[in-house]
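Chain nomenclature is as follows: A, B, C, D, E and F, assigned in order of appearance, with residue numbering initiated at 1 for each chain independently.
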């Protein structure tokens, strides 16, 4: 359907890998519906999330290349495009320049839905930093008076609307003030998510971990959808939290 | 469409009048879509919300009759059915018997969406009391082991699912921890809501007040839907807050 | 050690089963340390948590007996004593009499640690009702001027101290304002917990569900204990939330 | 009265216009009491809040001049002085230099009351940025060891006291954690506020919008002041939120 | 001044003693200004707050008489009237009858300011119970359609307005969600508060404890009033929390 | 015991003095147990907390020297080492360089427990700034891929674990969202804390203030430990708030 096909998902991910574990189901489901999905990967997670490679004595450049290759394979398995901003991690430093590049990206991609990290994460400051930049750029990209990064001004068709923003589930949700607003059914998309997870061999223990989490969120999904459905474990879920109120013409 | 027509809206209202000011748009919109809408009116608001009639020297019975007639006219203008439980107000006393009657109602009506008051309202204790009973009855009505009020046990088809619950907007939202999760477009339904408000002549000053509020929520609705739509004031809105996470297969 | 052996754990559980899924590890660990553990089971969960038996056409009394037998077997597998108050469920009705019986129990058992449900649970009102009664009885049992349920007054040795209270993890933690304060290592006790779960055959699908949760809480436990421990999946955990500040002479 | 006349109101506004819609009543009321009122306008809102001028093809400098003229006219209509810091908007960038200029301003103006934006606003990051700078400068201006922006040190008479800070109402209060602590009666001052609003012709649709809001806050004001006053709609109000506890010698 | 003298303070206290430690300064200050102050003492604290008398082997009636005498002496020292409802404590049971008696009291006393306990106190359930009844009765007393306890209906002059409600400071403020909104200067009234405390000889250790607390709140009061006042320790304070927004015509 | 002696406490303090008033008991208690305690003092508090010296006409360098000497004496009285980073105060500016120096410090000291300020303090922005840097450096110091400040990479033994972080009590706890999670018994260590306080003669009025606070927290400590202990005032306490869940193998 043209209407649905016009939807575009933008995922702003602090590190290579985050978008797979936390939003892989939503990305794959969008792709399966024929929608465009774009991942903006702000860093490779080369310093903070690559301990085993450092212990193996690999160089910074080697690590970045490995993680980039893995992220590209995973994005491909999900059916998404991926762009790397290579901003560095641990810490991911917020800057005017980085935000400006994200403004360009928003205007180029024209997302109808945005996914990113929670604004609080005591275990990893890069995640809130990514979220703050994603949110700031989204507001700036709406304004016709805010220039692109090359100094030119946007035309009327370049500025973006107000796409809803969803935070995906952090590793320790309760410590991050993460209360799910939305339980997303990813049952059909889960095969792709699993395939994408398997593109990340260094974190093999996470494959079953995030499979279990999908089961757990699936159980909650069914429980919130009604007690009479039975608790068969095939439904898989992902949890999200809205940053803005939902706009709708039907309550459901 | 059969699918949509099968939806049924249940509104649990502490007093006659509450459902009009706070949820009239959602009710009328459901009716306009061909759905069934049922209002459970727990009291007439005969003691706490009928000051002018008391000052006129009317008796308790007269006041109850007047408010009942008004509420029936308003429900009719919205396109809804209405049932009166006559539990008394100021205070609306919670009881096992009242909850049991609500359990029966849930099982008879089989709602797919439920609307009620917020769980906090420092200005009127009847509102949270109504919400607590609405929520307790909803859980009890799901259980096949919980008897009906006549002592009989429900059949498998009698128990209900897990309809989503939305709190409608209280008079002083910030004092009631009311943060809108959902902004509902009631533009098409607003004519019916206005007509229903005009069935309540004793509170004439509220007509323009709730019209203004619908404008204000409409402005927010448009702002959350995108900056490029312009701020023309014709969109009318109502605000709601979810009690449970949304269950969906698409993020939007 | 005499000192440790003198500790006594009291678990106040709304339904037969709750104490197994949610606190089985803590109970078994206490028993393994040679401490006394007592479960106060307020109802059998005969109406709200026995859907399959009702569908099988069993009578109320049969269901209560089945669930009682299962709960006794599970408590035994954990190494705990169990007492049934048979207060009824769905709803579990709070009453002066029920609280008074709990006061007696506190004074008889003299717990040094108390476990119960969270104070908020939108999916099951019996859980907060159990918690409110457990907390009220704990305060009343401390007062020498509050009579026992038989009208006699307690002696100085009968009143209790101020045992810390921990809420165990609800089924949908984020919807219950459950933020873990304590991650408990139950690795050694997990075998007993698993055995206790297997005493509840009607909920077989929960066995793997709660095994997975123990893995997940175990991973968090290790992550909070330090990044250099590696993420081997053998550590099992349970999450708890304190109701009162911790009293200690060492920060750790 | 000398005592009252010595009071001075400082309003820190992110953009030209904010102080009119959100605090115009408080400013005009202060001026009507013979107090001094000073608006510190951090930017002209030239990029983020001037969409129609950009669409008309106006240049950045033209837009800044237009908005400056409007803001001066509005301040004059309210009876306030206005200073422009021209820090740029979208984004309003926080800097040591900007804070230092605000420290100078505090010391020169010696405000007894401060008004500014809320610390959270997901729709516009400039508002919290303005608030953070206003709050930081207020603390620094109190310290005799903190130099002025020209490097000189303040004398004992130059440092400021601890003026109370009030956040004015944002456009979408519930999304900004805005819970009114104070409902201000602006009935007498409303004529001036309306006149000031009419100095901003590009946002004509906002005139009635903020008039309606003043009515709504006026209704709440009366409701909080007592039910026996009747609900006549002539009382106009503005809502504020305190950042510090109120200091008083009488509870009222 | 007639205007001030017409003010009347109502303090709803769960136990004899609470009003002294927590609100003695506010009560004495009101009395010193020539205002009427009335304490509604819901119980004597005979079971939960009289441990030493129980240990001395005193009877229930003796304990109640002792505590009543002490409370009367303390009220007298503060300059307040006191009424005893003798509802029993530990637990203080909420009932329709008790609320109805409070409605009568509100209508008879016509308070312009109300003080009571916080709505949360994990150490003593009687405190929130007292607060809930005080708040419910305040709303019911406003309604002309709510009968007095003798069944008669109030006249127009009998119903009350909407007096502001302040929660006084609990023993463990942070565990009770107590965030001070108001710091009250009780320097002049402190002598009376100290004298009232000394009417409660069984809790002699509390005299210095609450004197220290008054110093600490006094220091905060000065710090919130401005850094240039110096930190001399003579200012004494009490902390309060508002339940409703402040209504005012001047920000200060 | 070797095990305990291996524990090391790191205290990150915004200004000279903060660590004495707020954490002196915990520091002295650790030293008394034979553990190492290290204070990282980010600034001398030379601008914002030295008003009397500025009024005396002292120079910036003199003030810094005075405060450094006092802080060294106080640390010595507590039994702690102290390091000064001299980052400047009012404002304490966050920077990559300052964080990098803290990363070095964490790796050198290998703390097993960390104490710092709360993340919110409306009275002093330096306190949250210190906390943010302490928390960020703690996470970075864990990563083997994050270089030391001299550009070299850490070895496997240099990276740190995940020491628990405790926030110490701010001057106005309720305004800083400070809810005590832990009440620490400092009775034995209080003599050293008092001696350390007396090393700060310019703030003599604080000596009794913080002695009173220790009494008050001691009373709460006993109340949380049990009602039957009696309220003798000799127990002294300090309050702390955890930033991460406690990891334990025993609930107590």
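By definition in this document, contacts are C-beta pairs under 8 Å (C-beta built on N, C-alpha and C of every residue); 3 or more make two chains touch, one makes a residue touch a chain.
Values in this document were obtained by computation on a predicted structure and should not be read as measured data.
Asker: What chains, if any, are shared contacts of chain A and chain B?
Answerer: Correct list: C, D.
Asker: Keeping to the contact definition above, tell me which chains border both chain A and chain D.
Answerer: Touching chain A as well as chain D, we find B, F.
Asker: Could you report, rounded to a multiple of 5°, the rotation needed to superpose chain C's C-alpha atoms on chain F?
Answerer: So the copies are related by a turn of 180 degrees.
Asker: Look at both sides of the chain C and chain E contact and report whether the same residue positions are involved, with over half shared, or different ones.
Answerer: Counting shared over all numbers used gives less than one half: different.
Asker: With chain centres defined as C-alpha means, what is the inter-centre distance between chain A and chain C in Å?
Answerer: Between these chains, centre-to-centre, one finds 38 Å.
Asker: At least two partner chains per residue is the criterion; list those residues in chain B.
Answerer: 51, 123, 143, 175, 180, 220, 223, 227, 239, 244-245
Asker: Based on which chains are in contact, what kind of graph results: line, ring, star, complete or other?
Answerer: Graph shape here is other: it fits none of the named patterns.
Asker: All pairs of touching chains?
Answerer: A-B, A-C, A-D, A-F, B-C, B-D, B-E, C-E, C-F, D-E, D-F, E-F
Asker: Could you please specify the touching residues of chain C with respect to chain A in the complex?
Answerer: Touch list, chain C to chain A: 51, 123, 171-175, 178-180, 205, 208-209, 212-213, 215-216, 219-220, 223, 227, 231-233, 239.
Asker: Across the complex, what residues on chain B touch chain C?
Answerer: 96, 99, 135-136, 139-140, 143-146, 153, 156, 243-245
Asker: Note which residues of chain A are touching chain F in the complex, please.
Answerer: These residues of chain A touch chain F: 46-48, 50-51, 54-55, 60, 63, 90-91, 93, 122-125, 175.
Asker: Of all residues in chain B, which touch chain A in the complex?
Answerer: Within the complex, chain B contacts chain A at residues 7, 9, 26, 29, 33, 112-113, 115, 142-143, 159, 161-162, 164, 166, 180-185, 220-221, 223-229, 239-240, 242, 244-252.
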